[in-house]
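Two complexes follow with chain A in common, the first pairing it with chain B and the second with chain C.
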Partner chain A sequence: MEFTSVIHGEGIVKKYKGFELNIPTLDVPQGFATALIGENGAGKSTLLDILAGIRLDYQGSLKFFGKYDDNDRENNPDVKNAIGYEGTGNYYLPMWTLKQGREVQKLLFKNFDENKYIELCRQLAVPEEDSKKITDLSDGNHMKIKLAGVLSRETDLLILDEPASPLDPLMRDKLCDMIREYLQKDEGNKSVLFSTHNIADMESVTDYAIIVENGNIVEQGFVEDLKEKYVVVKGEKEDEEAARKVLYSVSSGNYGFEGVCLAERLNELAGLKTVVETATLSQICVAIMKQNSKLYGVK
Partner chain B sequence: MIISQTSGVPIYQQIADSFRADILEGKLKEGEYLPSIRGLARDLKISVITTMKAYEMLDQEGLVTAVQGKGYVVNSQDGNMLKEQHMRKVEEGLMQAIQSARIAGLSENELIETLKLLLTLKEN
Partner chain C sequence: MKKIFSSYKVFTPKLYRYWVIYAGTVFFAIYTAFVSHSTGALISMLMTIGTFISMDIFTDFFVFQGIFSKDFDFGILKNSKEGIRVLKAGVIGDQIRRFLQTTVVMTVSGLCTWNYSVEHGFINDPVKYAMAILVMILTMYSCNTLVLNVTRRHINYADGLLTNMLSLTLNTAISALVMRLYMKEDSTDPIPMLLVMAAIAVIVTYCMVERIGNIFLLSFGEKKMGRFGNDNAKKMWIFLFIAFGIDFLMIPVMYVGFKKEADLSVFLVAQMMYPACGVVLAKLLSYNEGKLPKFAYGTILGAGLLSIICAVICAVAPKTIEASGQTMTVQYLASTYVMIVGSILMIIALSVTGKEQRENAGFRFHNAGKSLLFMLLFFVLYFARIIILTVIGGIMEGNLSECIAELGQIFVGEGQFAIWISVVINAPLTFLMFLGEEYGWRYFLQPVMQKKFGVLPGTILLGIAWGVWHVGADFMFYSDGTGIQMLCAQFVTCVSLGIFFAYAYMKTNNIWVPVMMHFMNNNLIMVLTGDMSTQSMQGNVVTWGDIPLMIIGAAVFWVFAFTPTMRGKAVLDKTESEKKEIVENA
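Let's turn to the complex of A and B:
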């Protein structure tokens, strides 16, 4: 499916000792929620930091909203204000109270809506004690005030690094609702890019998935298209050896096996007794990650 | 609209089926708009792309048309097309009956007799 890119990147390279992020082209679709998926150390946070302008020491070119480059993102307040970023670091000073954290955001961001922030904090069940120190908050509550902060600004693009990780199941559900609500506000003009390990919890809000391994994009696409490209195959024990040649990430037990297969290679399984099912995004991602992971040996 | 996550029928298919039924039964009339893609996704707690795929399916079937910037509008359902859609449903149902009959080892005549019997029962 064709789409307009809210972020377009070319030749994004960032080298560390023993690791290189190398993304020849990057396209994040406008009007959708995009999940950035990959194992620890795959380069997700590095990429998000580059896109958000947290990290400026990279090679390559970026284009936002179809017309602004990374220089505009840094120096044009309209562009900077249109992008909301939530990272995994502690960017509130440890001695600040909840009230001070709120005041600082009011000073920093012209488009920060304090009433909305208070309302969101209430919805997210953040303790309502102005004098409470931010450092005394639990990881979950810390994430909630960061999310409330980024959602209280009038933005067109959200870049969220692992927003679901510290949240409990109830709050993850709420996070999904909030993302959907955000996307709906200006039908088709708002976009969200988030990284996650909690693929199953976030699947119901994921439109487009970008899978990163060892600093490279190994697969990407709209979830509905990926589900047509990859299917789950289940079969009897006696067919396992024959099926292994075609399958990704086979898991086998005493009674049978299960793996992920490219739909276009299903014909190679003809003659075997198998059942084909629609894959979940989680199954697809795990299969692709295993295929490309250092842990399992790159093929 | 009831969406089942476990029925085995893809969610986009369930959404398309539901709107198709509403359009064919006249509950959604010519010129009316389907709910906005992102609004429906939000209400049903599903992704935008799933909703979009359902709407594109209805578009391909000629039931709705995408209008730039406004969403999907229900087309006029001319008699022939309605009949064709219903014919397709009849054929699907009959094909299922034929398959079941084969499994049960029914002869063609027996199958036709069963259908006739059912028709008289229904009429009474």
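Let's turn to the complex of A and C:
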């Protein structure tokens, strides 16, 4: 599927001790929600930090909205303002009150809409007392005010680092709604890039998936395309050994097995008693991640 | 202004604003009034300063620890281009608050002690008294800021107390000193002190704000463009301000001492430290320098600051004593001790500092064999110059053999042996001063000038700049009424020595070579004159006729302008990767 990229990156390299992020090309489609999926330490946050301009000590070139490069992002305030970034960790000063958190955003962002922020906080049921300290909030509420902050600005691209992790299932659903709502505004000019562990919960809103392992992109594509590329195969216990050679990952039970396999290699399973089913995104991701993870040993 | 206020508001909790700023100020005003009624004026003022600063640092720790703690890492501020401005505005707001509060407390304190001052005959001119108070305000503010600036980033609950104690000690000590000066002598002229303190206050505030900005930019993990367009320009400005700005600022102060006919030797000691202090501050305040030797740099800055203080005190209240058979000012003696202690500390610092830090600071002893040869070469050339001048003088006056015999006395004369020994002993005890100059000229400025103007023109321009830098001393110290001639003679000396120092430094890439050469140049004069004091350098009469002779004598140095090295391209400008290679290979 053809698309225009909201972020196009080339040769992004960032070295840490014992870890190297190395991404030859990166494309994030414009007008869609893109999920960045990978296990802990795969380099997701580092990549997002680089894209948002929180870390600048990387090599490689970036292009935003098809026309600005990373120097524009640092020098042209409009570019940086058009990118809404929400990071993990101490995003607000720990001793700030809710009021100060609001005030600081007014100072920092010209495009910050205070009324919208208050309205969003109310919708998300964040405590309303101005004097409450941010440290006293629960993790979930902390995330909610971060999301409210980033959504009350006029932005064209949202970069969210693990927005779903601290939220309860109901809030995750609400988050998906908010992302969808955001994408619908402005006729496909707005895009969202988020990282997540909770593939299943976020699947409904994910259009495009980028799977990162050990600092490399191992698979990417629109979710529909991925689902055509990979299928789930189920079969009887006796066929397991024969099927293992073809399947990506196999989980075997007492009576049968289940695994993910490339659609194009299905013919190699001919003669076995198998059932082919459509895979979910999370099945595909787990299979691919297992293939590349250090946890299971790279094959 | 509005931005400063609103940023400051964002960074400080309400409770702090009301209680500490308003209630605290009122409390201290009342406290001061009470204490000054029940105790002597001096003690009351000291108590006020002590308690006030104690409180100020304690509360600062609660307010600002959040921003500077490494865990916060500036979070949301990094998402906007405005982040750095908001952060700096917040800090400026806090500095304004600090200054206003200091002003209120010290003014009340001053008003309460006015009667005491008049009764005891300290100061009874209201204008002078007001100025003295202003000096106290600036001193207190500067010390407070300085200590906070150094310790703030490293603060945690345990260190908070340490910061407190440190600042308290420094403040009270300096305030006591300043007060003693003003309260004791009605004749003291407060204007130079006021100017110096105001300059220091501005510098420390600037450092405070810039440091915060740098910590912020560092959190992006990369060197970023600073206020001056780029890092090198910024470093250059800081260096020029300290090396030349302070030098010129001290000229009026020197003039005050000159009018009082005080011995100005202490100014020369202080002056030698400005270039190195400039480089150290420039390097510390920029962010692409890698690991730096903090102990060694602290020693340089400390020695520089203390010698400046000695010089200022010498100008306003010179005090003469007899020491080891010579008359000198207490302040000069103090500054000499500062240099001796500083040199010893520097040796310790260099021996405990890692190779990488020494390489980054340019302190490593590269090319040892070649370096020693160059030092020897300078020694030979130095005497060659003397011999040439003596021979020429002898031929002109027709008493060649007598002159040569006199020359021989330098090496074998009576008492000369003791002087030679003292020169050798002096080297490790006073080298800090010579590092003070050469670190600025040869290590920092020379590569920049050579890159900009070409090797030889850059070197000559550096020599001229170096000559201009001596202008205050030329008129008020070295010469007696022949300042202009002395300045010209200084140009000859600086340019020709500059050429040779440049050549040696380019050949060896070792800063200790010019340092030792400079040491020899300044100290071998004692051997020539057979006099161990600085008096031989003082109040000389230079005539225009002397200058051509000097040029001829200096020929031994300026012939090096024709070497291939000086005609080639500047090569000292190494990239980061090359530097790293050098460290790894060594």
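Simple rule for what comes next: the second predicted complex is superposed on the first by the 299 of 299 C-alpha atoms of A that agree within 3 Å, B and C clash if a C-alpha of one lies under 4 Å from a C-alpha of the other, contacts with A are read in each partner's own complex, and residues count from 1 in each chain.
Everything that follows uses one rule, which is that a contact is a pair of C-beta atoms (placed from the backbone, for glycine too) under 8 Å apart; a residue touches a chain by one contact, two chains touch by 3 or more.
As the structure is a computational prediction, the values presented were derived from the model and not from experiment.
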Fit or clash - chain C, chain B, common chain A: fit
First (chain B), second (chain C), both or neither touched by A:248: neither
Contacts of A:224 with chain B and chain C, given as first, second, both or neither: first
Partner with the higher number of touched chain A residues, chain C or chain B: C
Contacts of A:65 with chain B and chain C, given as first, second, both or neither: neither
Cα-centre angle that chain B and chain C span when viewed from chain A, reported as a multiple of 10 degrees: 160
First (chain B), second (chain C), both or neither touched by A:31: first
First (chain B), second (chain C), both or neither touched by A:87: second
Which superposed partner A:108 touches (first chain B, second chain C, both, neither): second
Partner chain(s) touched by A:56 [first = chain B, second = chain C, both, neither]: second
Overlay on chain A, chain C to chain B nearest C-alpha distance, Å: 28
Residues of chain A that lie at the interface with chain B and also at the interface with chain C: none
Residues of chain B defined as touching chain A within the complex: 10, 12, 36-39, 41-42, 45-50, 53
Residue ranges of chain C in contact with chain A within the complex: 3, 6-7, 9-11, 13, 66-67, 71-73, 75-83, 86, 220-222, 224
Chain B partner contacts - residues on chain A that touch it in the complex: 31-33, 176-177, 180-181, 183-184, 187-188, 203-208, 222-224, 227, 278
Residue ranges of chain A in contact with chain C within the complex: 52-57, 74, 77, 80-81, 85, 87, 89-97, 100, 103-105, 107-109, 149
